[in-house]
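Down below is the structure, laid out as C-alpha cells.
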Amino acid sequence: MTEKNWQPRIVAFFCNWCTYTAADLAGVSRLKYAANIRIIRLMCSGRVDPQFIVDAFARGADGVLIGGCHPGDCHYVEGNYKALRRFQMLKRMLDDMGIEEQRLQLEWISASEGDKVRTVVNDMVEKIKPLGPLGIPKKFEAWDKEMAELEEKITSSEPVAAPA
Amino acid sequence: MRHLGIELTELDDWNCCGATAYMSVDEQEACILAARNLAIAEKTGPQDLLTPCSACYLVLNKTKHNVEDFPKIREGVQRALKAANLSYSGKTAVRHPLDVLFHDVGIEAIKRKVVRPLKGLKVAPYYGCQVVRPYATFDEAWNPTTMDGILAALGAEIVHYPLKTKCCGASLTGTVPEAGLRMSYILLKEAVRRGADVISTICPLCQFNLDAYHDQIMKRWEPARIATVYFTQLMGLAFGLEPKQLGLHRNFVPMKRLPELEKSEIRF
Amino acid sequence: MVEAHMMKIKRTIKYDADRVGGFGREIMSVAGCDQLPSCIQCGTCSGTCPLTIYMDFSPRQVMALVRADFKNEVLRSNTIWLCASCYSCTVECPRQIRITDIMYALKQRAIKEQVYPKHMPIPILAKEFAKMVLSKGRITETLLVMQLFLRANWRAVLSSWRLGLGLITTGRFVIKPERIERQAELDAMLATITNGNGKGKA
Amino acid sequence: MSNPSHNGTDEVRIGFYICHCGHNIGAVVDCPAVAEYTSKLPGVVVSRDYKYMCSDPGQELIQQDIHDHKLNRIVVASCSPLLHEHTFRTATERGGLNPFYFQMVNIREHDSWVHTDLIEATAKARALAHAAIRRVRFHKPLETTRVPIHPDVLVVGGGISGIHAALTLGNAGKKVFLVEREPSIGGHMAKFDKTFPTLDCAACILTPKMSAVRSHENVTLWTYSEVVKVEGYVGNYKVTVQRKPRYVIEDLCVGCQECIKSCVYKEPKFSDEFNVGLSKRKPIYIPFPQAVPQVVLIDPERCLQVKTGKCKKTCLEACADRQAIDFNQKEELIEVKVGTIIVATGFKLFDAKRIPQYGYGLYPNVVTSLELERLVTSSGPTAGDIILRDGSKPKTAGFILCVGSRDLKTNRWCSRTCCMHSMKLAQLFKEHTDADVTIFYMDIRAPGKGCEEFYDKSLREGIRFIRGRVAEVTDWALAPEEEGKLVIRVEDTLAGFVRRIPVDMIVLAVGMEPQVDAQEVRRLFNMSCGTEGWFLEKHPKLAPVSTFTDGVFIAGCCQGPKDIPDSIAQAGAAAAEAMALIDRGYIEQEPNTAYIVEEECSGCKSCVVLCPYTAISFDDAKQKAIINEALCKGCGTCVASCPSGSIKQHLFEDEQIFSEIEGVLAYD
C-alpha cells in the first residue's frame, strides 16, 4: 500500500441491539458510506474491553469506533454508561500515548438510525484522513516494551466502578 | 430607538445589499456585496446589525446562510473580503427592529413609554414577505404576531387581517405595474373593507409602495384610501413625539387624525 | 382546403429533440436547488404564489419543465421574471424545495444566455441595478428608475411623472447620486471572482 | 459415543462458504476471489462460493462437506446474523456438529449493500471473512438453556387491535390482562359512524366485540389504567398496572346513570372528550352510551366534592341503594406476572392548528375529519345532522387531504387511511345534505381490497376531485360569490390553473401520528422507535409484529398508520406469535452467559455491583465471585471490567474477539 492511495482502517465495536441493527438498517436502506470500517459485533457496548481498543490500534487500526444504544435505551439497562466511562478513561490514556483523540470515537446510534451510521462513518473517515496512518505495527519494535507496561497499567488502573 | 435605550451607529461606508435584483444576476457577487456589510459590522465591534428593510434583512441573512451552507460561496466570499482586508466569521447577527423591540426591549417597557395611547385607532398589521420568510426566527412565517403585540401595547385596536404576510408586489410595480399594483390594491382594499384606519408595515419599501402608488391604483381600479406607516412611526406617536419628527408629513395618503392629536392641534 | 392551408397552428406536442439534456441537472446543482428531484407536483407553490394570474407557466409547471430538461420553454417564460421573491412557495413547499432560489438560478441563467423575453423590463432592472451597485456601491432610486424606463418603456416615464414629482417634493427621492467612499475596496473584492458578468462591462 | 465434532483429532478443519445472494452480494463483491483467498488461510479445508447459501441445496452443501471433509468449524459469509444465523447453526447441527461451531460473516447489509466500489467491497469481504476464520478456531461446543414461559399475556391498549388480540388469546384459553388508559375501551373506532369501503356500521361490528371481551372468562379488563413498570424478560415479565380512581366502585355500579341526572350541575357544562368537544358533559359522566364497562366516573378536575369538598353530593343520594360512589377512592397499583406482552397503543390525530393556513381554530366552519365523523353519527351530538356552527345546512363543502401528512415540515409519511376515510365521509356528507362536495387531493391512494371500487363509486356519485394541495383557506373575498364563504385557493394541477373555490364547510383530513408518550412507552417495554416515532418491528417483512425485545409484540397503529382490517390482521398475528411462545412452553436462550474461572478470581468484588441483573454474588468463604448463569443476560460488562481477566463470556471470549480484530486488520 503506497502513501498516495492510503485509506484509513477503522475497527468498529457495535452493540447487537442498537448500533449493529442500525448498520443492518443502513444496508437494507441501501445507504452508501465509506468502506473503511470493519464491524465487530458484541452484545453490548459495555463488553468493550479497553484492551480491545488498544489491541486494534496495535494491530494497525487507524481509528476505533464504538457504537452503543442511546443513554437510557441500553438493552442491558446501563451497559452504555459503563462504556462511556471506560471510553473517557481510555481517551486520556491514548492522549498520553500520542494517539490523536479523533482516532477513538464513541457514538450512540439507535436501531432506527441507519442514516446516522452513514454520517458517523463518513465523518470519522474524513477526520482521520488528514491525520495520516497511525502505523503502530511499523513502530512495533520500539513500542513492544511500552505496550507490555501499558497493559499492566491498564489492568492495575481499572477503576472499581461505583453503582450507578 | 434612543427613546428606548438602544444605541445605534450607522454602518461605516455601507454599500447596497443588492436586494432581490442582484440575486437574479449573480448569486456569488450578491453574497460578496452583502458580506462586505457584514464584515464591516463585525470590524466595528461586537454588536448586531440592525436593518429596517425586509429585502436587506433577507439578503443579509441569506448571505449568512449561504456562507454557512455552501463551501463554494464561502470560499468566494472569504477571498473577496481578504482583498479588502476584511473578514467575516459569521458572528454578526442580522436583526430587524421588530425583533429587537419585541424581544430585547419587550412589551412591558414599550407600554411604560406610552403617553398618548392610540385608543380607537384600528390598525391592520402588515408584515409582508421577506422579514418573516424564509429566514425569520423571531416570529412565525405564516401567522406572525409580534407587531400585533407591540401595536396592542400602544393601545391600538388590531384588525384581523388575513393578508398580513402577502407580498405587496414592490419589486414589480416599477416594471410590471399591472401585476405589482394589483397586489398592493388587494392589500389596501381588504384593509379598508375590514375597517382599518391605517396599515402598519415593518418594511420601508412596503410602506412606500402602499403609500405612493395610490393615485395609480385609483385610476386602474377604485379608491382604497388608507394610510400606510412604518410601525415605529405609530410607536413614536404613542410615545408623544411630534408627527413631524416622525416624518408623517411625508406620507402621500395622510393618516386619520387621532382625537388626542386634534386636541393638541398638531397638524400633519 | 385553402382555409386549412391559411390556418396558423401551433405545434403543442413535444419531441425529445425539444429537450436540452442535462439542463435539469445543471440547475439542481446550483447551491440551494438540490431538493427539486423530490417535487411531487402538488401545486402548493402555484396556489400560494400571488402572481400566478400573470404567469404563462405556473411555478409547479416550471418545476416540471426544469426537471424534464425543457430549457428553452423555461428560460423564455415570463414566470421567472414575475417572481417577486416573496418566498411564500419556499416556505410552504411540503418537500422543502427552495423554489425562489430555483427561480433565481433560472434568472441568472437567462441573463447569462440573453434569452429573456424582449419586452420584459425586469431583467433590465436587475442588470441596471447590479451595474449601479457595482459602480457606486449604492442605489440612487431616481436614476435607476429613469434609466430603466428609458430603456424599456419610455412612455411609462410620462405616465409616472406625477409620482416622481410627489416623491421629490416630499423629500423622499434624491436626484444627487449617492455613492460609497471606498469604491476601490468594493472593486477589489469583486475582482477576486472571475465569473462576474457585470464587472467587465461596468 | 465419540464426539463427532472433533473427528478424533484436535485439528481445526474449517469449511468456508460465501453466498452471492443472487446479485445482492455477487454484483459488488467478487465472491470467487474471496473464496480463493480464504482457501489459503490456515485451517481452511473447504472454501466455496454459492448462489444462495440459505436455500436447501446451500444448507445441504454444508452438511455434505462436514461429512465428506470431516469439517469441525463452519463459516458462512452472507447476510446479517440477525437474519440467518439460526438457519446456518441448524444446518451445522444437522451435519453432526455442535451448532456453536458456526460463525457468520455479514457481507450484505454491512458490505455489498452499503458500498459501490467492487475492489473496496471485495477487500472488506476478505477482511471480514478472515476475521471469522480466525475467530471460529476458538469456538467451543455450547448448549442452549431453556427458560419456561409464563402462560399469561398482557395486552396494552383497548382499541380494536387490543380487543381483537385479547379475544383471540382468550378464546384459545390463555389468560389475558387488557389494560386501557381511557375510561372505556373501543379506541378511535368507537367514534366512527361507518367504515369504508363497505359502509357497514362501525358500532354494529365493534360493540359486540367490546362486550365480549368485557365478559370473557379469560380476560381481565382494566380500564382507566396504565402500565407503569415492566421488569423481567421474555417468559417472565413482572408488570405493574396503575388503576386511576374513578371515584365509583366498578363492581357496584350498574350503569343506571341516575347519579348523572341528579348531579348538582343541572346542565352539562364541560367539553366532552368523546365527541371531540362538540358537546358537553357533567363532572360525573359515562364516556358514551355504548361504553364498556358501563360504569360512570367522576372527573376530579370538575367535581365540586373532589375539588373543594363542598357539595350537596346529590349523586350519593341517587346511588343510596348501591353505594357505588366513593369520593375517597385512591389510585391502586396491581402487580401481575405474564410471559408475553402485546402493545397496541394506537395513534394520535395530527393537530390541525399546526397548519394555520387552513384556518382551523380561526374559522369555525373548518372542522377535522373526526369532528365530521361525530356529526354524521346518529348517536353523535347533532343526532346525525351535518350543520354549520350557525345551525344551517352547508350547501358546499371541501375536503382537504394530507393535512399534516406527506409534508417535511410536519409528518413526512402517508397516513394511508385519509383518502378512503375522506371519500367515505364525502359520500355520507352528500347523502345527508345533498351538498356539492369537492375533495382536494395530491394522489388518491386506494390500494385496499374494494377501495378502488369505492373511489369509482365516489366519482360516479358526483363528488368532485381536484388534484392540488390546497395553499390556503381564507375568508377574504375577491369576487361577489365569495362573500361570506370560506375560500380555498389551490392550483388545479390537472386543469393547469390556480382556482379560488368558495365553500360553506371545510373538512381537514388530519393524518395519524405516534402517541405523545410513544417514547416513554417504548422505554417502558424496551422497544425501539423508527425516526418518525412509530414502534419499530423486528423486520419490516419477516417479523412485522415482533420487536427487538423477545416476547414483546406490537399490533395496530402504534406500529404505523393502517386501516381497521390491517389492524385486526396484525392483532391476530401478534396473538398467534404470543401463543407460539406460550404453547411451546419455553424459550431457548442464547448461551452467551458469563462465567468465572475460579482459580483466577482475586475476589476484588468489582463485578458484583456492575451486574444489572444481580446475577453475581460473592462467596465470602471462598472469597470468590459467583455468577448465577440463569440470571445472566449476557451483556458482558463484568467481563470487560474484571481486573484479573477471570470472567469470561461464552460466544464472546476474549481470544475470539482478539482474533477477530487481528483478522479484520490483516487484509492486505
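All chains are identified by letter, namely A, B, C and D, in their written order; residue positions are counted from 1 within each chain.
Operating definition for what follows: contacts are C-beta pairs under 8 Å (C-beta built on N, C-alpha and C of every residue); 3 or more make two chains touch, one makes a residue touch a chain.
Everything numeric in this text was worked out from a predicted model, so none of it was measured.
Participant: Does A-D or C-D have more contacting C-beta pairs?
Facilitator: Here the pair linked by more C-beta pairs in contact is A-D.
Participant: Taking the mean of the CA coordinates per chain, how far is chain A from chain D in Å?
Facilitator: About 32 Å separates the centre of chain A from that of chain D.
Participant: Roughly how far is chain A from chain C, centre to centre by C-alpha average, rounded to an integer in Å?
Facilitator: 52
Participant: If you average the CA atoms of chain B and of chain C, how many Å lie between those two points?
Facilitator: Those two chain centres are 23 Å apart.
Participant: Would you pick out the residues of chain C that each touch at least 2 other chains?
Facilitator: Answer for chain C, listing residues that touch two or more other chains: 53.
Participant: Hey, what residues on chain D touch two or more of the other chains?
Facilitator: In chain D, the residues touching two or more other chains are 357.
Participant: At which residue positions does chain B touch at least two other chains?
Facilitator: Answer for chain B, listing residues that touch two or more other chains: 142.
Participant: Who touches whom among the chains?
Facilitator: Touching chain pairs, listed by label, are A-D, B-C, B-D, C-D.
Participant: Mind pulling up the chain A residues that touch chain D in the complex?
Facilitator: Within the complex, chain A contacts chain D at residues 1, 7, 9, 11, 16-18, 20-21, 23-24, 26-28, 30-33, 35, 38-44, 46-52, 55-56, 59-61, 72-73, 75-79, 82, 86, 110-113, 115, 118, 155-156, 158, 160-163.
Participant: Where on chain D does chain C make contact in their complex?
Facilitator: So the residues of chain D touching chain C come out as 357, 406-409, 442-443, 467-472, 489-493, 496-498.
Participant: Which chain B residues qualify as touching chain D in the complex?
Facilitator: Within the complex, chain B contacts chain D at residues 140, 142-143, 162-163, 186, 190, 193.
Participant: Which residues of chain C touch chain D in their complex?
Facilitator: 40-49, 52-53, 58, 60-61, 92, 94-96
Participant: Help me check something: in the complex, which residues belonging to chain B touch chain C?
Facilitator: My answer: residues 13-16, 18-29, 32-33, 36, 58, 66, 69-70, 72-73, 76, 79-84, 86, 128-130, 133-134, 141-142, 165-167, 169-172, 174-180, 183, 208, 212-213, 215-216, 249-252.
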